[in-house]
Amino acid sequence: MIKYYTDEILMTPGPTQISLDIYKSMITKAKNTDLDEDFINFYNDLRKKVFNLLNMKKGDIYIMLGEAMLGLEIAVANTVKEGDKVLIIDNGVYGDGFKDLVKMYRGIPITMGLDWRKEADPNEIDKAFEKNKDISLATLVHCDTPSGMLNNLNEISKIVKSHDSYLIVDAVSSIATTNVEFQNIDILIGGSQKALNIPAGLTIMAISEEIWEKIKKVNYQGYYMNLSLWKEMFDYNKTFPYTMNDTLIYALNTSIDKLFEEGLENVYKRHELAKRASLNALKSLNLELYPEDERYSSPSVTAFLLPQGINDKKLREITWKKYGVMIAGSWGKLEGKVARIGHMGYQASLNNLLIAYSSLSKALNELGYKNSVSEVLGSIEEVYT
Amino acid sequence: MIKYYTDEILMTPGPTQISLDIYKSMITKAKNTDLDEDFINFYNDLRKKVFNLLNMKKGDIYIMLGEAMLGLEIAVANTVKEGDKVLIIDNGVYGDGFKDLVKMYRGIPITMGLDWRKEADPNEIDKAFEKNKDISLATLVHCDTPSGMLNNLNEISKIVKSHDSYLIVDAVSSIATTNVEFQNIDILIGGSQKALNIPAGLTIMAISEEIWEKIKKVNYQGYYMNLSLWKEMFDYNKTFPYTMNDTLIYALNTSIDKLFEEGLENVYKRHELAKRASLNALKSLNLELYPEDERYSSPSVTAFLLPQGINDKKLREITWKKYGVMIAGSWGKLEGKVARIGHMGYQASLNNLLIAYSSLSKALNELGYKNSVSEVLGSIEEVYT
Amino acid sequence: MIKYYTDEILMTPGPTQISLDIYKSMITKAKNTDLDEDFINFYNDLRKKVFNLLNMKKGDIYIMLGEAMLGLEIAVANTVKEGDKVLIIDNGVYGDGFKDLVKMYRGIPITMGLDWRKEADPNEIDKAFEKNKDISLATLVHCDTPSGMLNNLNEISKIVKSHDSYLIVDAVSSIATTNVEFQNIDILIGGSQKALNIPAGLTIMAISEEIWEKIKKVNYQGYYMNLSLWKEMFDYNKTFPYTMNDTLIYALNTSIDKLFEEGLENVYKRHELAKRASLNALKSLNLELYPEDERYSSPSVTAFLLPQGINDKKLREITWKKYGVMIAGSWGKLEGKVARIGHMGYQASLNNLLIAYSSLSKALNELGYKNSVSEVLGSIEEVYT
Amino acid sequence: MIKYYTDEILMTPGPTQISLDIYKSMITKAKNTDLDEDFINFYNDLRKKVFNLLNMKKGDIYIMLGEAMLGLEIAVANTVKEGDKVLIIDNGVYGDGFKDLVKMYRGIPITMGLDWRKEADPNEIDKAFEKNKDISLATLVHCDTPSGMLNNLNEISKIVKSHDSYLIVDAVSSIATTNVEFQNIDILIGGSQKALNIPAGLTIMAISEEIWEKIKKVNYQGYYMNLSLWKEMFDYNKTFPYTMNDTLIYALNTSIDKLFEEGLENVYKRHELAKRASLNALKSLNLELYPEDERYSSPSVTAFLLPQGINDKKLREITWKKYGVMIAGSWGKLEGKVARIGHMGYQASLNNLLIAYSSLSKALNELGYKNSVSEVLGSIEEVYT
């Protein structure tokens, strides 16, 4: 069989393609990250860059060694103690998943039973606080990738703060795709393999000044996930709690330098364009967007309902094996029902969307769901003109 | 301004994109190429692979350090002596250019004044030999990139041989895009930066057994371009005439391994598909192919006439600066009249053609030459379905 | 100032130099580690290689994303429940450190107060078990790097097993420097940045069949460090609990392939030679080895007492800033008293030892501790002749 | 057999080790070197850096695609016409070799029959000019690597100029090891694989303003080696005569940036130290330096006579196969009599000399030539203290 492509391309909402300059940055002579001051300084400079990326005015950044899931657990482990009530803003797979983490640390998750196809309604959150006066912590997923949902971070964080509650935000797949304001947030978690387009393995933690009091009270016992230990060891003694990786740190640095070089505003506009093109393509394909309203469809990923009779696995197998384009299904209760195309970071370009929807359009045709590939591609081009 | 792309792409007919595995192959510990037997063996193995790529049954392969232009001159310098009549099969910029090389070495070029928009006619070549009984050498460009022309190598080489003449063939941009039969050829030249997709800097020379007699007679005086010296030093003493580069040799090896892994038949079919898609796109754009007949339009590059009023430089500036796609103009008398899109090696894929023609279509629209981008993209897709 | 070197070299006992082929292995096109079967298969093949490296006959290997410290905590977190008595074989900084981990998980550490300059005495361990019949778990550090101590793993593991106790072994800096027999061990932890010479970030966990029963009983609540989750998700569903990193996995694979290519016996002999040369150099320098007996000085690192009046930091600053060689001090109560030279993996070569001791010898001279550099270097050469 | 090393090291006088940052620089996205203005500008900036490296006040730099041998031939081909008398300053393999190039281009080489163990005597050169009033061109090799000879470039160039003659200088293995003053030189040739420590493949040509008149007169017919063509095409039209390589250009740029970063004075001092250490080691080994006087022994390579009964090939096989250190024999009439250790660029460091002489010392011992390795190493250290 003739391959129609000469290079495979990942259009999954993470992990994403790694560009040549990122690989290049990893080809840097190893340092002893425990003992080399130059590395400590480099790491500190990178913290400041992340600080700026998140529009922080105060608070701390730590970049830790582990996949972003580690960061989510760290946030909960260090802030939830037995019996703490935690409001779970649960309009998605990951949003809902916070309840399990809270339970693991013996907190009491207060779930909301939100509709996954709708953004989390600030009013509902307000009411939930009213009903549960003793909630002292809420969890929110900014972009819930499995459903392609972008929640209204600014509105929600204001509501949460108005109830004197702490707020944990999973921004793993929103960072670097849309403006993320750290104001009114207490712990924000980012990862490396999403829109930052570097390998998985780094967790970004942004910590407010205020939450340290709570962290102290909770007094989490554990080493690798201990936030207080980081503060004590790194901030006061310039020592990492464990041997830090250097190659990923170099990669992250290059990734963030590129964002600032492009200009954050341009980066966010590029993602907005990608979203609009992606939504236009869905219309042309007559596919139903999973989120009910385009307004809160994520700038980093588009989730859509699979048409009647289209098998998720078969569809993805065709795009991958025949056309070299990997797209994603979904997780949990969305598995088999929802498919997704990522447009985060490197993916958010006209070219990559053309390639992704070209393969999707043809694969659907091959499975009997008829559509016009030229119209689909035209609908993407329309947005970019 | 928002960039519509996240990665620039070269769609010029050489130099071409370099893929990650090629870069990777260059990250190999340096060897002393003068003294290290392992390197000599590696180089010899690579010669055999090139031998197979060219369907050779006998003859020699040398891979030299210099851009392919070096190889063209080596071919002439070593086979033309003062007063030698050389038939110049001149239906293109490079085809015609051989006459200058022949003059430099005091040969007498017998030009044919062929039409650049037509393939070289074997009958005309036959007649030229009939008219000039003392021609002992002919030069041919297999694929003349500036005009996107693919000459009929097999027919022409048979005719040349039937007149007992030697034949030099520039296959720089045809190798690895279509089957190249070394039979009936005496010196064939290939380069590294075309369909082999590695950096410029290597010249591939395939030499027939028969031509050595002529080489001996001509007795070219010179060092760097001396074929006899290569035979003497490398074949008999396993020593290069100068310090060989290793990184490019590793790159070439990886490139050729990939060809065999894909299967040469598949590689050629992939280029044929790319050609057909490219021609379909031209039709959709209502652009005129430069070669008069599609039959001899090259599988590695498509050359077309610029529409009335479209400025070559402006067109290319838009595709490059706005859309990140570099396409080419042409050279010599075609400059300003012809533009070209490469589809050689890595470029010969559905994805790359979509990207190239997307940018071309929009740039033309922006310059007032109206066309439908969705139809153009659809015309490419059509071929790949 | 003229630099005496053209390349810096890390001779610290981890993190270590990374060689060119390791960097090269990381330049591999990113895969979606969640969805790509090829990656899952690659990972599984790597697990088998590690299985063989540890002479395992049964049990499981998991390679996790996090520094080796993560692995130590995982071992304790999953096997210690409130009130469990755990024997801490505490003849070193890390050996002793296990007691803190045990406390964090509300176990009761039974410390032994062992002499850090002596290997852990199997008889003492036997007695400790006799005294504390309810101990069900013991912890041991195979090579305690801060003191350059190699414990007798085989003897100790037999004793522990004879008391029907589980055994956790930190083999982070012994793996790939000396034969490690998994027999009689329940959880063994390895890391990536020591003798495997790749960046920090991977934790190797070897798990016995028997310990799963205990793990089930302990029923650790937590996600990122949950062993049962790995078994469930990866073994039964071929899904990682979080997005796995690929570049480090490729690096580890290359590292282990190189070990088998060299031959494990040769690798271990090379480390034994490096140890002997290092000890010979110490004698020539009239420096006191920290371990009381050379027999249990580690093949991966040599720890020695700083001579009277020699300031640790000054010494290391000279070797690093003037000669480009980074050596290490030590940790905890050894800080300022003990210095160390690593000879693990890539470092364990005649050349690297010459360079390390050349810089040490001169730096000591410059600080007033007189010695003959030529004799020191000669003492190393002696061993290699 | 246990390998005593974990990494092979090239201590031959070219090609040399390539450091990680050089490899890294080659991992740069391919550019179309024909069409991309950014590349043209980059190349021009690099020309200026080389201009500064050679202390040029006027004249041109061209960086060409081919091994340095190409540059030597270009120099002769463009400046020698039939019957031209050329003074060959012939105190070495390459010095003498110029006569063959001159003959190839039908010039008349005036050889001097100089002693290869002595630097070229300016007085002798003066006399040669007196005897041959019609000499209009002289050739000189600054550092003749096969004999480890450094000629007195400044004195000689003044003498040559005082006779109104042009001067061609092969500085291939002196550039970046000692100060090279372009004053009084007409064509100077450098290469990439010597002290610049990048792969072979680039030729540096420095051309005086004055020589262009001669070049015009000679009117060399040929394409690839035509200097006038470079001037015309590149200087006036910003077009390379052939597709330029980019990866090597990036490597050269990084290499030269590193020189300036270290400081040229420091670079030259570092080479002077390396020379002194190397000569000290020879004394300790009781080996005879090939050049009669240390004064003109090269800072980039040390050539010595093999002791009675020591077989060149056996010696080098031991250092390479047993100790991983490649040293060189010599060429031409020195083959089998002289061996050489390079200390150019990256090699010129204490560490690399220790490793090189350690292997040499032991290999000589193994072949029956007794010596004390510790004294040899001590003699190197002596110089660096």
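Observations
Labels for the chains are A, B, C and D, by order of writing; each one numbers its residues from 1.
Going forward, contacts are C-beta pairs under 8 Å (C-beta built on N, C-alpha and C of every residue); 3 or more make two chains touch, one makes a residue touch a chain.
The UniProt protein names, listed by chain, are A, B, C, D = Serine-pyruvate aminotransferase/archaeal aspartate aminotransferase.
Every value quoted in this text rests on a predicted model; they were computed, and no experiment measured them.
Ranked by separation of Cα centres from chain D, the top chain is A.
Averaged Cα coordinates give chain B a centre that lies 34 Å from the centre of chain D. Distance between chain A and chain B, defined via averaged C-alpha coordinates, is recorded as 46 Å. Note on chain placement: the centre of chain A and the centre of chain D lie 55 Å apart, centres being C-alpha means.
Those residues of chain B in touch with two or more other chains are numbered 20, 23, 27, 29.
Contact topology of the protein chains: fully connected, every pair of chains touching. Considering their complex, residues 1-7, 9, 19-20, 23, 27, 262, 266, 269-270, 273, 323-324, 345-352, 354-355, 358, 362, 372-375, 377-379, 381, 384-385 of chain C touch chain D. Those residues of chain B that touch chain C in the complex are listed here as 20-21, 23-24, 27-29. Across the interface of their complex, chain C is touched by residues 8, 10, 12, 14-18, 23, 26-27, 29-36, 65-70, 73, 77, 100-101, 103-106, 191, 193, 199-201, 221-225, 241-248, 316, 326, 328 of chain A.
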